[in-house]
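What follows is a set of structures to go through.
Paired with chain B in one complex and with chain C in the other, chain A is shared by the two complexes that follow.
Moving on to the complex of A and B:
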């Protein structure tokens, strides 16, 4: 029982990070219809910014807010300057720009801050003694913090989409950009802000995650595998569905964690393969994802 | 005595400035020119219909005025040339489009569709009143406010498209083939509403129609579009009562 709860909490924690990155992907996909391959790298870049600010003596909470703001601006600028001019040409072109951003940002991180691993300060209490005990298993404060953080973002996003005038415009652009424009929506501005929100969510996820990643280090490849998992989770849940991102991300985190704990006979890297295999099977039978609504014609 | 006459002529000039004017407009898709040298005007409060066969360029005309298609030539609103003709800009100048195919925001509720129509406006209460009003004019919309718009029938979606465009309170409503694919009774009802909009509220109309008979009952003036150019124009009465024109151009 204790192992089960340990695995569950570990899975939900990792899953919360996948949910956050998946949500960032969903926000962009709903409005722009493209997948932002550079999502993880936006998060990584802003993590470096947060780290750098913390070395200057900023409390990490403040650095988190600053890095989210930086992420927001980066997202807006990327959409306006790089994606929008290209989108008219073809879908593939935007994907390639995303890949270019991915490579470019990763390189920029190394160039600006150097390739050595960096120790990241703690946002949430992290020592082995900071936990509450449930049925013999230890529920660490930082895990709870990450899960709560994820719930907070989900709540705020849902409120944004469904209860604010701007959210109405975002949904309109996501449904039919031409009709939205005919009704007076400034589509370009909605898209830029969507990308900004998406990048800010990614920053939030990044800064939450790094202290928890063993070892407590920030390096250039930190986000690569997370992006793969998050993309898989988002695809599984339906690229345009918030609910799908939550279910997909948490589900993937838990499955991965359970396989880690109980499926040791599978060996190390096969767990990832098995998790992804499950996703492929789902997508074969329901290409729009479990909760997705829009027909996905080209990816 | 020269001063009064100058002011008189300038006020006449100001009165005469049409709400919308196209002057030597060419437009098309890529290398294909569809509209050639279009000269057209709509005065404030006027109802004008553009008739023409399939492929004459009627939809291209509507989309050009709305800014969905680039053009060369001059488009003027209230006598002032519009430098960047774009959908949201034209809407803010008071020109709204009911597009062909309705453009329904299919995944959103009927109420949300109407709310989107009003994004260019301020004042939640006035917007709410307008929503109520359109639900009264179009009963089915009122009954289905919370329903997903994509599940509405063709006629209901057309009503929604008109209501959504009117939520922005435009001075000129462009209607692209609102009768397409709809039952005659529904089309009749729609044209009654459009007619009332024009006569009671003073909303100018520029209708593009293949259904000439109904459109002529609403419109004061007619333009006839043939292969991208204006072949004829004049008062609606002339078109209705001139047998030769009717048979040659309108097919009845």
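Moving on to the complex of A and C:
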């Protein structure tokens, strides 16, 4: 029972991380109908910003806010300057611009801060004694912190989507951009701000998760695999659904943790392959995911 | 005939965005029919198969042969670089089938490259095969895996397939690490030099391994380009381009989208896998975390975009870019500047020259020289492809 609870909590922690990045993907997809491949690299860049500020003596909480602001601006600028001009031309062009951002940002991180791994300061209490005990299993404060952070983001996003005028505009743009524009919604501004929000969520997630993930260091390929897990989670839940991202992310985290614990056939090392398998199966059998809205394309 | 082309011409002047669009689509092997330009001088129009056309082809052939011979006489290092260019050109030619001609962006072709390389490596090291004999096996393996990874293309659009390929690219090093007994895992797989001895009939000694590999790569590149050329001009190639340009129109004209796309992905993976085999022979040691990561996949894609998507010679130029940009920029920016240059190049090219370098050159040549089909025939690939490309 104790081992089970341990695995459950580690699965929920990993799952919360996937949920956060998946939410960033969902916010972009809902509005602009595209996937931001550079999502992970936005987060990585802002993590480097936070790390750099913390080495300058900034308290980490302040560095987190600053990096979220940087992320917000990056997201907005990227959407306005790079994505919007090519979005109408073709999907392929959008994808390629996204990949250009991906590799460009990754290289820029290494260029500015050097390719060596960085030890990242921890925002949350993390010493081995910082835990509460439930039925003999240890629940560490940093795991709880990430879980609570995830719930907070979900709550804020739900409020934003459902309770604010801007959220209404976002939903209008997602449903039908042309009608929204005709009703006076500034579609361009909505898109830019959504990208900004999404990048800010990414940087929030990044700063929380880098100290917790296995290497516990900031390295240039930190976000490759997280992006894959998050995409698998978002696809499973349905790319346009907040609820789906939460269920998909937590589910993936727990399943992965349980499989590693109980099923030895994966050898504890084929998590990405599991994610790939989930992606292919979901795409082949239920492309809209579990909670996704069915999209009808006009011929 | 002139309705669409005149239209295209007026776009050239008035609306730059649409001109890019038109140029991008036309660069994909569907040359516009000859028509008088409005800028005074007419282009020189020649018929396919006529004496001037054949002599131009002959000149091109002689020039290529000269370049190949020049390469064979280079020193060891330069020849090695050139061999790498050719290997990457083969890999990018494979990617071109999926991304350039069919419009399925693949972010995971490094995995096919690696799959080919490891097929060669494992068969040579574990089963003591001759290295060049492993190529057909790699083709089959990569084709089958390509079909599986391309499965999502059965139901949905390119965006989603891109996610699947991305995951494939990221997961590949992990799979290699998992089967460490076969692949050497994280420490890598080393093919001993003597195992890559050139075959006796070539007359090359072990010391001339570099030259043997150069000639082998040249031969395979020529073969691959020939295959791609014929494939693209075939009925199947038309179906590829039709499904890229307008899925609905293609489907309503009887193209079986699911089959066409999935098979395109398989063929694409198989060709890239061949590049991987040669890469294994060239390098002699395989480390998945170095040579077959996501960034390598993006490098392949960058090469294709720089060279020109959906062009015959784009992959060659792409190979040059992929090898020489990192080589010349290795002193700048802590060794990370190549990634920045690749990223910037991707974005700049999408904005300014979507047809890539090869496409831009072909367009410029089109101002002075046009090749038209010899006689009007009831079935003409060039003309039947053009209108579907122009439809909105």
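Just so we're on the same page, the second predicted complex is superposed on the first by the 280 of 299 C-alpha atoms of A that agree within 3 Å, B and C clash if a C-alpha of one lies under 4 Å from a C-alpha of the other, contacts with A are read in each partner's own complex, and residues count from 1 in each chain.
By definition in this document, a residue touches a chain if its C-beta (ideal position, glycine included) is under 8 Å from a C-beta of that chain, and two chains touch if they have at least 3 such contacts.
Here the structure is a predicted model, which means the values were calculated and not measured.
Trainee: Once chain A from each complex is brought into register, does chain C clash with chain B or fit beside it?
Mentor: Result for chain B and chain C: fit.
Trainee: Based on the superposed arrangement, let me know which partner A:184 touches: chain B (first), chain C (second), both, or neither?
Mentor: After superposing on A, A:184 lies in contact with chain B but is clear of chain C.
Trainee: So, A:114: does it touch chain B (first), chain C (second), both, or neither?
Mentor: So A:114 only meets chain C here.
Trainee: With both complexes superposed on chain A, which partner does A:56 reach: first (chain B), second (chain C), both or neither?
Mentor: A:56 sits against neither chain B nor chain C.
Trainee: Now for A:86: first (chain B), second (chain C), both, or neither, which partner does it touch?
Mentor: Touch partner of A:86: chain C, not chain B.
Trainee: Let me test your reading of the model: by the given contact rule, A:163 touches which partner, first (chain B), second (chain C), both or neither?
Mentor: So A:163 meets neither chain B nor chain C here.
Trainee: Looking at the overlay, does A:279 come into contact with chain B only (first), chain C only (second), both, or neither?
Mentor: So A:279 only meets chain C here.
Trainee: Quick one: chain B or chain C, who's touching more of chain A?
Mentor: Counting contacted residues of chain A, the larger count belongs to C.
Trainee: Can you work out, in whole Å, how close the C-alpha atoms of chain B and chain C get once everything is superposed?
Mentor: Distance of closest C-alpha approach: 6 Å.
Trainee: Based on the A-chain superposition described above, do chain B and chain C contact any of the same residues on chain A, and if so which?
Mentor: Looking at chain A, the two contact sets are disjoint.
Trainee: Which stretch or stretches of chain C touch chain A in the complex?
Mentor: Per the stated touch rule, the residues are 17, 20-21, 99, 103, 105, 107, 148-149, 151-152, 154-164, 166-168, 170-171, 174-175, 177-178, 248, 293-295, 298-299, 301-302, 305, 333-347, 350-351, 354.
Trainee: List the residues on chain A that touch chain C in their complex, please.
Mentor: The touching residues are 34-35, 37, 82, 85-86, 89-93, 95-97, 99-111, 114-115, 221, 224-225, 227-228, 231-232, 235, 267, 269-273, 275-276, 279-280, 283-284, 287, 299.
Trainee: Quick one: in the complex, what on chain A touches chain B?
Mentor: Going through chain A, the ones touching chain B are 165, 168-169, 171-172, 175-176, 178-187, 293-294.
Trainee: Per the contact definition, I'd like the list of chain B residues that touch chain A in the complex.
Mentor: Touching chain A from chain B are residues 66, 68, 86-88, 91-92, 96-97, 99, 103-108, 112, 115-120, 164-165, 167-168.
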